[in-house]
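Right after this note come the structures.
What follows is subunit A paired twice: with subunit B in the first complex and subunit C in the second.
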Partner chain A sequence: MSAIDDLPFDAVQAGVVLVIVALVYLFSPFYVSPAGFTFIFLEVGVLFLLYALILIGLNLQFGHTGLVNFGPVAFFAVGGYTAAMLTAVDPFKAVGLALPWPVGLVAAVLVAVALGALLGFSTLRLRDDFLAIVTLAVAEIIHGLIITFRDVTGGSVGLGNVPRPIAAPVGGGGGAELFATVLVLGALCVLAYGVFHRLSTAPYGRVLRAIRADEQVAATLGKRVFRYKLVVFVYGAAIAGLAGALLVFYNGAASAGFFTIDVTVIVWVGMLIGGAGNDRGVLAGLAIIMGFQLTTRFLNDVLPFITQDQFASVRLMLVGLLLMLIIKYRPEGLWGNARELGVES
Partner chain B sequence: MEIPLAQELIFGLVIGSYIALGAIGFTLIYGLVNMINFAHGEFITIGAFVGFLAIAEGGLSLPVALLVVLVVTGVAGWAIARVTFEPMNDAGAVPLLLMSIGLGLVLRNGLRTVAGAERRHVPVPVETFRFDELGFFVTSQHLTIIGITLLAVLVLHLFLTRTMLGVAMRATADNEDLALVSGIDTRLIRNTVWVGASALAGIAGLMLAISQSANPNVGFGQLLLILTAAILGGAGSPYGAVAGAYLLGIGITVSVALLPSGLTALSSTMAFVVLIVVLLVRPGGLVNAEVRAS
Partner chain C sequence: MTLLTIQNLRRSFGQLVAVDGVSFAVEPGELVGLIGPNGAGKTTVFNCISGTIPPAGGSVTFDGDDVTGAAPPALARRGLVRTFQQTRELSTMTVEDNMLLPWRDHPGERAVNALTRSSGVAESERAARERAQTLLEVFDLEDMVDEYASSLSGGQRKLLELARALMLDPKLLLLDEPFAGVNPTLTQRIAAHIKEFNDEGLTLLIIEHELETLTELVDRLVVLANGAVLATGTPNEILNNDRVIDAYLGR
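Let's look at the complex of A and B:
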């Protein structure tokens, strides 16, 4: 992996270039229309990139600062629904203000930040596991609220007629739209990774890791620990909110089914497999777990005598088992640093 | 002459009762084993299924089923904890938490795979006592649930204050190192807590199976309320948990009565509001437990 570190440019620069390239591609009259069999990989790819955005923020929160955020899907959902409700054009049985999509995007991030600040203020001075409880509880509550207030959010049916700013400029049907989305989101992902990676490799990151290792020592050295924790928590919330808005802009709709606890579990297991704190490792871990999910989906097609419902439960069981095994036998994951994480045996 | 909110009070006491049984166990684990057990809901679900099997399939009467549930869930919970949590007891709060989340996923989905997602109703004879002049009614189910919970709390109180094991448990909850030094067998205490907490969760499951139904999500659905009740009462204090649970239960039913009809499905928001307010104002809960980071 050190070969990548030796390149003469860093991820932020690469990300900016890629974003420009992607935008040029988007607005050019040329498009690439991929073959039909690749669609499923591209769709999973889009989901991977969105979850990767959430994971980048979560890794800064947990991998570097030690904040146990067990509800990143809460900010994902809040961002997504804010964007959807502000930009949808006359959706069926829900609120849609038909504002332009940039407004929705910015609002999504701001609302996620507000929620993050509220939660951060109430829990970051308390024990680590309290943050876990609260974030998990909030994620479940938000899921419940989305379904309950069905006249506002569309409930389990969902909120449609959301604009699709990436798909719209691309002519040429679903495949070309998918490809364009992957390109744009991929570029954004590289940029986000670059920004957060710069943060974590800078002295700022050292302070975060010091806070993770021992808050009292960091405080004794004059660092305002609560401030750092709050800001990092808000950064993670912001990027998750952004990812939520991008999800609804990709789907053209928001639905409660996109924002379940499964998102949290996948992102967390991906982070732990890869090694919390290793910026590239966690993305690889996410790829591993999502690859596992994709292959098991194919497996279900091969084994028709097991119902889909049962298969979904078995898959979740395996993920839970994997989580337990990692915590017990390899808590630093594949690429994490056991000493830094404080888990060496 | 109608007593205002009397019906809501009764429903609140019923809801509070099964939250209380779950919350006591949850908070005891938190105080003594120093971990947040996100799989606690699954112990409740196990109790619900054992109760269903005992009454619907085994044809046992309620008191006998209660004993069966108590023993089976207590032992099952202890065994599960012995295998998963005990070996990593000194790993720290966060790994234990993550482990319990994984365990919860495995148990919940395992039950779902084996038993299927349908709700199973437990046939129990119900009598209704109407007090129409006073404006409320009460069923024998309500009385049973509230009665069993109060009995459990009483037994727990006697155990914690009158038996050597119970006193040793309170000592360990207060200061584990000091308890060790005084010669208390903290491993025995921990084993006892696991058995006790699981047994209580089992009873809660039985209640839920009777009043709602037995299905793989029944325990997890209560977890949020249990969590809130435990924190409201003060993390680690069983008496606080009981008080918090009843307050929460009554709070939910009374607020449903007082809110305009479009907003009645707001019990989840209630829990959120209570949780956030408690954490902002008095994170130690009713008994003002010590929960700051250092």
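Let's look at the complex of A and C:
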């Protein structure tokens, strides 16, 4: 992985260039229309990039600062539904204010930030495990609210007619739209990775890792521990909110099924497999777990005597088994640093 | 001007009155020992001064300002720094990171500067490294720079904690039992370091419950017993004080 460190530019610079390239591509008359068999990979790729955004924030929170956030999906959902409700045009039986999509995007981030600040203020002064419990509970409450407040959120039916700002300027149908989405989200991911990686490698990151190691010592050495924890928690909330907005703008709809606890599980498992605290490792871990899910989906096709429902359960068990093996035999994950994580045997 | 003034400090835990009206002062440049038998309230006094726990009453004045109940980060930046009785090295970080962490007003610890990589960040980092290098050499830890703190020996951890506190360039250093669980050779070394920094102008307040090492080291002793100041004076005066001898030997 060191070859990437030796490049003459870093991910922030690369990300800015890629975002510009992606935007130019989007508004150019050209488009790439990939072959049909690649759609499944591109679809999983879009989901990977959205989850990667959440994970980039979660890794700063947990991997570097030690904040146990078991509810990243809460901020993902809040961002998604904020963007959907503000921008949807005449959705069926739900709130749709038909505002321009940039308003929805900004509002999604701001509302996620507000929720993050609220939770942070109320729980970050308490013992570590309180944050875990509160974030887990809040994620479930928000999921419940989405289902129950049918007239506002569309309930389990969902909320449609959301603008699709990435797909709209692209001609050439579904495949071309998918390709453009991967390009734009990929560029945003590189940029987000770069921003968070600059934070974690700067003296800023050193303070975060000191807080993870021993809050009281960090405070005694002059660091405003609570402020750092709060800000890091809010950064993670913001990027998850952004990912939520991007998801509904990609789908053209918001639906409760996209914001289940599965999202939290996938990003956590990806982070633990890759190695919490290793900014690139966690993304590789996410790729492994999502690749695993994709391969097992193909496996299902060649095993016709097992129903899809049964297979989904088996897959969940396999993920659980994989996680147990990692925790038992390689608690630092594949690319994590055992000494920095304090898990040496 | 007096550097640290403690007036009528009080603190209890439930029914137990741990500190009951303690008053004493530390002058700039002094090396003062705070002694007393187990349970006399030494650590509670320390915790109240350093902001680790809030006092129930009384006042702490540091460098001319009332800092009663101020939080540890604020005190550290004013120059009042403490160590802990059990060494609290950041074991998941390298010796160097342990040393660089306390550097004051590091611009790289602000997100904006970390993102923009402004020039001040590298400069501060360089200055901090230089100071860290000097201190590590003083404490004979310079070969351990890249090691994780978890791989240091117990004695090296003690030294690292002392060196790390000095990175803040404190006006007053509070040491909580720096000789606890330390072999005689290392005790001599730590004592020599303390003496050396004191000679260079650092003010120190040291908690210890064993008298021997301290009496040779300090200018003045404050003796606590049952949450109150029993006596204060030069080591010689204290050693010949009947009340102190009674309190210590329990007769």
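In the analysis below, the second predicted complex is superposed on the first by the 345 of 345 C-alpha atoms of A that agree within 3 Å, B and C clash if a C-alpha of one lies under 4 Å from a C-alpha of the other, contacts with A are read in each partner's own complex, and residues count from 1 in each chain.
We adopt the following convention: contacts are C-beta pairs under 8 Å (C-beta built on N, C-alpha and C of every residue); 3 or more make two chains touch, one makes a residue touch a chain.
All figures in this text were calculated on a predicted structure; none of them were measured in a lab.
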{"item": "Touching partner for A:Val195 - first (subunit B), second (subunit C), both, neither", "value": "second"}
{"item": "Partner touching more residues of subunit A, whether subunit B or subunit C", "value": "B"}
{"item": "Subunit B versus subunit C as contact partner of A:Glu340, first or second or both or neither", "value": "second"}
{"item": "Which of subunit B and subunit C A:Arg209 touches, first, second, both or neither", "value": "second"}
{"item": "Which of subunit B and subunit C A:Glu177 touches, first, second, both or neither", "value": "neither"}
{"item": "First, second, both or neither for A:Ala218, with subunit B first and subunit C second", "value": "second"}
{"item": "Touching partner for A:Asp279 - first (subunit B), second (subunit C), both, neither", "value": "neither"}
{"item": "First (subunit B), second (subunit C), both or neither touched by A:Glu332", "value": "neither"}
{"item": "Overlap of subunit C and subunit B interfaces on subunit A (superposed complexes)", "value": "216"}
{"item": "Complex contacts: residues of subunit A adjacent to subunit C", "value": "12, 195, 198-199, 202-207, 209-210, 212-214, 216-225, 231, 339-342, 344"}
{"item": "Subunit B contact footprint on subunit A (complex, rising order)", "value": "68, 70, 118-119, 121-123, 125-130, 132-134, 136-138, 140-141, 144-145, 148, 215-216, 265, 268, 272, 309-310, 313-314, 316-317, 319-324, 327-328, 331, 343"}
{"item": "Residues on subunit B engaged by subunit A in the complex (per definition of touch)", "value": "35-36, 38, 84, 87-88, 91, 93-95, 97-99, 101-106, 108-110, 112-113, 117, 224, 227-228, 231, 265-266, 268-269, 271-272, 275-276, 279-280, 283, 291-294"}
{"item": "Residue ranges of subunit C touching subunit A (in the complex, touch as defined)", "value": "50, 52, 71-73, 76-77, 81-82, 84, 88, 90-93, 97, 100-104, 106, 108-111, 113-115, 117, 121, 124-125, 148, 150, 164-165, 168"}
